[in-house]
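Look at the two complexes coming up: subunit A is in both, with subunit B in one and subunit C in the other.
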Partner chain A sequence: MITLKNIVKAYDSKKDSSRAVDGLDLVINKGEFVALLGPSGCGKTTTLMMLAGLLKPTSGEIYFGDRLVNHVEPKDRNIGMVFQSYALYPHLTVRDNIAFPLRERKMPKAQAYERAKEMGKIVQIDHLLDRKPSQLSGGQQQRVAMARALAKDPEILLLDEPMSNLDARLKLDVRDEIRKLQRDLGVTTIIVTHDQEEALAISDRVAILNNGKIQQYAPPEELFSQPVNLFVASFLGNPPMNLIDGVIKEENGEQKIVTSGFQFRIPEARKLEAAHIDKPVKLGVRPHDFMLAEQTDSNAFPMKVDLVEHLGSGKLVKVIDPEQKLQTTIRFLADNETDVRHGDTIRMKIRENKFHVFDMTAEGLNLMQFR
Partner chain B sequence: MNELKVHKKPFRKKIYPYLFIMPFSLLVLVFFILPAIATVGMAFTDLNASMKPHFVGITNFKRIFTDYNLPQILGNTAVFAVLSLVISMLFALIISIATQYFLKGKLLAVVYRVLWLIPSIIPSVVYVTFWKFIFDPTEGGLINEFLASMGVISEPVSWFTKGAMAIVILATIVSTISGGMILLSSAINSIPEDLYKAARVDGASEKSVITKIILPTLKWPLMYITISDLIGFVSSYFFIMLLTQGGPMRDTTTLSLYAFQQAFNLKYYGYGAAVSLIVVFISFVLTLLLIRMFDFDQMIKPSRIED
Partner chain C sequence: MSTSTLKKALAHTYMTLLTLPIIAMIVWYFLAATLNFTTGEFTLDNFSFFTVPVEYSGIKLPLIWPIVLNTIVYSLMIVAIEVGISVPTAYAFSRLDFKGKGAALKFLFLMRSFPGITLIIATFFILVKMGLVNTYLGVMLVATTGSLPGLVYIMKGFFDEVPWDIEWAAMVDGTSRFGAFRKVLVPYVLSGIGAISVFAFLGAYGEWFLFKLLIFNDDMLTLAGYLAKLVTKENQIVNYGLITAIGLFYTLPVVVFYIFTQKMFMKVNIGGAKQS
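Moving on to the complex of A and B:
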């Protein structure tokens, strides 16, 4: 188990604004696969470097199990690491690269080479052991880096954007392989990435970071369906969530959200606390949570089609209210069978329970109660 | 009828490239090619101060190989070139690793490297005067004064008679180190930071970092320094001439200095030219040899900087 307690990393101790990581708490269970996800500059790589021991936290404590490791050297942490650039030693062969950490631990050469061969087999590069890194493709280099990181049988595997230099299709394969390897070996793994799809696909839990703080730390499906705040909601998802300014109103015991373009009745089960009534909010709806409505649906509203983009697997439709009073257009995803054209007026509704209401504070907290 | 029209470049356009290189070609012709031809020509004459050359065939070359000074001069040349090269390269290597790896990014490292640059940017004459002052044989010499004040010596030591070659080599390497240092430092600087980080995670010792990451990266710059410096040392005489004039006796006379002295001090232009042709020949053979030895072809292939 890895425990990070109130970690702060400031590159300039005099200025608060220089804090790359600002009071971060994180618990990672043994054998868990955790992703640190966030936009660039959010502190995710700094956090990983502190876990590796390549950076020392300005304050706070890092525990591996019960052992405080703040001042433990990287080599004594029993970690394996894969760098974004792979950082293979260019003048050593693949075999020597994989055996390097073992040789540095004074393992006899024959034994280290035997282990290198074994690791090569696991990551399927055993036919390339005599090559130099410069003679390998990006995908092969990535595998060598994995093999080197895993050769010393580490307790913790740290991956720093390991797939950002691979092409899109290869990424899918490599991602599956890394996940499978991790499960087979049971090694606690922390991956840093800015690719949300990768993070959501590969991890047991994802920590979303922004401005050096954890915004939400939860399993992928929970992050997606129950974002705690506006940042998480708008960061995740592609195309991004629609965010529409509105006000909460109550009439005849029914709550609704009134925007400048349409009204939307909040279902009974999702009613907000009375304190929020008459307060401005942001209504958040993911593009695939809009749908075309029957003429008779009482909670639907008319929208005018502004633009239709074909995505292959479906259509991305941009709509705006007929009077064009909304500040922004709304994106919604329709399947290929839906026949909508520019200029059409359609009736739309929001999928039951698939909406979020955020308050207007700086954090933009999600007001929905998830029961 | 369709006549195939071949587009011809107008003559004016064709001549442009030649117009552009012409001024420099003239300079090359006047200052490099003509003197070279003249030197070769002179080597086969008995041109001297009387300025009335007669063709003498290979007499000059015969004379070189029977010159009783030759063994000592060739020995001096070898000692001077090899020792200067080895010592200056070793120091350049040590300084580069120290400042670019152990003290990377520290202000101290930058200041230290700039200090080493000073000997190579001050004019040679000033630089040599400085060394002459240090090793001055009178009581006023820096070392003599220092040693006398410490009570180590009572009489001033004549350093130039005792170890002229050592002083010449010392002065040469101090001014040469900076060149190699710049090349090696920038090569070390090009090593990605991630490699050092990976090495730290892998528990690599400093020795492993130096032998397995840094030194292999320096293979090509080290080869370049070996070739260019060695040829430079074989054919240069300027420092030696200013410091010792080849003396005492012929203790520090190298082949190229000998050529200079024969031609310009004794006015045996023909003989001097012949000796300098020998210098050119030795440089040429050395270059070929080193290129073969170091696999120079590999070096000039597309970029060897591996990322």
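Moving on to the complex of A and C:
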């Protein structure tokens, strides 16, 4: 188990603004696959470097199990790491690259080579052992880097954007292989990535970072369905969540959100606390949580189609209210069978329970109570 | 004739004409060493310095072989000292953060731009005070002080090119900081070390000024100083045949050295790291 307690990393101790990581708490269970996800500059790589011991935290504590490792050198931490650039040693063959960490542990050469061969087999590069890294393709280099990181049977595997240099198709294969390998070996793994699809696909839990702080740390589906704040909600999802300014109103015991383009009645089960009434909010709805409604539906509203984009698997429809009072167009995903064209006026509604309401504070907290 | 062959022919003519003077010089060099100027006949008389000490018009110099040994020992020692100091120094300047780093770098640059000759009188007096005049140690001290700043600068450039990832990877893989330097960074910058070795070697091999100034015993000279002695006696007849013959002998190792090191330079590391 890895525990990070109130970690702060400041590159310039005099300035608060230089804090790359600012009070980070994280617990990672043994054998878990965790992703650190966030935009560039959010502190995710800094966090990984502190786990590796290549950077020392300014304050806070890092525990591997019960052992405080703040001042333990990287070489004594028993970690394997794959770098974005793979960082293979160009003057060594693939075999020597994989055996390098073992030789550093004073393992006899024959045994280290035996193990290198074994690792090569696991990542399917055993036919390339005598080559130099420069003679390998990007995907092969990536595998060598994996093999080298795993050769010493590390307690913790750290992956720093390991797939960002691979092409899209290869990425999918490698992703699955890394996941499978991790599950087979049961090694605690932390991946840093800015690619949300990758993070969500591969990990047990995802920590979303912004400004050096963890915004939310949860399994992928929970991040998606129950974002705690505006940042998480708008960061995740492609196309991104629609965010519409509105005000909460109460009439006849019914709560509704009034925007400049439409009104939306909040279902009974999802009612907000009375304190929020008459306060401005942001209504968040994912593009696939809009749907076409029957004429008779009382909670639906009319929208005018502005643009239809074909995505292959469906259509991305951009709509705006008929009077064009909304500040933004709304994106919604329709299936290919839906027949909508530019200029059509349609009736739309929001799926029950599939909406979010964020307050207008700096944090933009999600006001929905998930029970 | 197509335009491309015409262009080629023009380029070749142009280049040949431009290199002609250089070729002529080299040809003359060989001829002067192997011809008797008065009779115009081929002779190897000028190469008698291999077996007997040089002696003409009042100049008496020792036999050349001990001088050759001096040259080899001196040059190799200079290479070892200069490479041994400049590689770790350059690493420190490239990778470590320490107080006064910026100032030290600026000072290095200043040192580099100072013509060494302006300091030579002061240097001489300091060496006299230290009792290091007419010793190899004195020459080496002055020589290394002069060339180290440049070598450190060149070497720093090579270390700057090494991605941090490589060094970090080594440290995660179980090396100490020094281990990463020795096992990963040094092999990575091997071509750079080769380059500064060549510079150091050529500098030492061609060093005549310091020998002329600081060494008074002729049997302590190196080849360059030996050659210098031959040409700098005033009001004497200059023996071109002898000078070119010794000059040829002096040039040969450099040419051989160049051929070998050039091969090494061609094998410059092709990185195993993807630059992102």
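Quick note on the criterion: the second predicted complex is superposed on the first by the 371 of 371 C-alpha atoms of A that agree within 3 Å, B and C clash if a C-alpha of one lies under 4 Å from a C-alpha of the other, contacts with A are read in each partner's own complex, and residues count from 1 in each chain.
Note that a contact is a pair of C-beta atoms (placed from the backbone, for glycine too) under 8 Å apart; a residue touches a chain by one contact, two chains touch by 3 or more.
These numbers come from a predicted model, not from an experiment.
Novice: In the superposed model built on subunit A, check whether subunit B and subunit C fit or clash.
Specialist: Overlaying the two structures gives a clash between subunit B and subunit C.
Novice: Who does A:Ile277 touch here: subunit B (first), subunit C (second), both, or neither?
Specialist: Neither partner.
Novice: By residue count, which of the two partners contacts subunit A more extensively, subunit B or subunit C?
Specialist: Counting residues of subunit A touched by each partner, the higher count goes to C.
Novice: With the two complexes superposed on chain A, say which partner A:Met81 touches: subunit B (first), subunit C (second), both, or neither.
Specialist: In the superposition, A:Met81 contacts both subunit B and subunit C.
Novice: Regarding the shared-chain residue A:His91, is it in contact with subunit B (first), subunit C (second), both, or neither?
Specialist: both
Novice: Tell me the contact category for A:Pro133 with respect to subunit B and subunit C: first, second, both or neither.
Specialist: both
Novice: Would you sort A:Leu307 into first (subunit B), second (subunit C), both or neither based on which partner it touches?
Specialist: neither
Novice: Which partner does A:Arg105 contact after superposing on A: first (subunit B), second (subunit C), both, neither?
Specialist: both
Novice: Is A:Arg148 in contact with subunit B, with subunit C, with both, or with neither (first, second, both, neither)?
Specialist: both
Novice: With both complexes superposed on chain A, which partner does A:Met1 reach: first (subunit B), second (subunit C), both or neither?
Specialist: Touch partners of A:Met1: none, neither subunit B nor subunit C.
Novice: Looking at subunit A, which of its residues have contacts with both subunit B and subunit C?
Specialist: Overlap of subunit B and subunit C footprints on subunit A: residues 52-54, 73-75, 79-81, 83-85, 87, 89-91, 100-101, 104-105, 133-134, 148, 152.
Novice: Considering only the defined contacts, which subunit C positions touch subunit A in the complex?
Specialist: 163, 165-166, 168-176, 179, 184, 187-188, 190, 269-276
Novice: Sort out for me which residues of subunit A touch subunit C in the complex.
Specialist: 49, 52-54, 73-75, 77, 79-81, 83-91, 97, 100-101, 104-105, 132-134, 138, 141, 148, 152, 158, 164-165
Novice: Could you pull out which subunit B residues touch subunit A in their complex?
Specialist: For this pair, the touching residues of subunit B are 192, 194-195, 197-205, 208, 212-213, 216-217, 306-307.
Novice: Provide the residue numbers of subunit A that touch subunit B in the complex, in ascending order.
Specialist: 52-54, 73-76, 79-81, 83-85, 87, 89-92, 100-101, 104-105, 133-134, 148, 152
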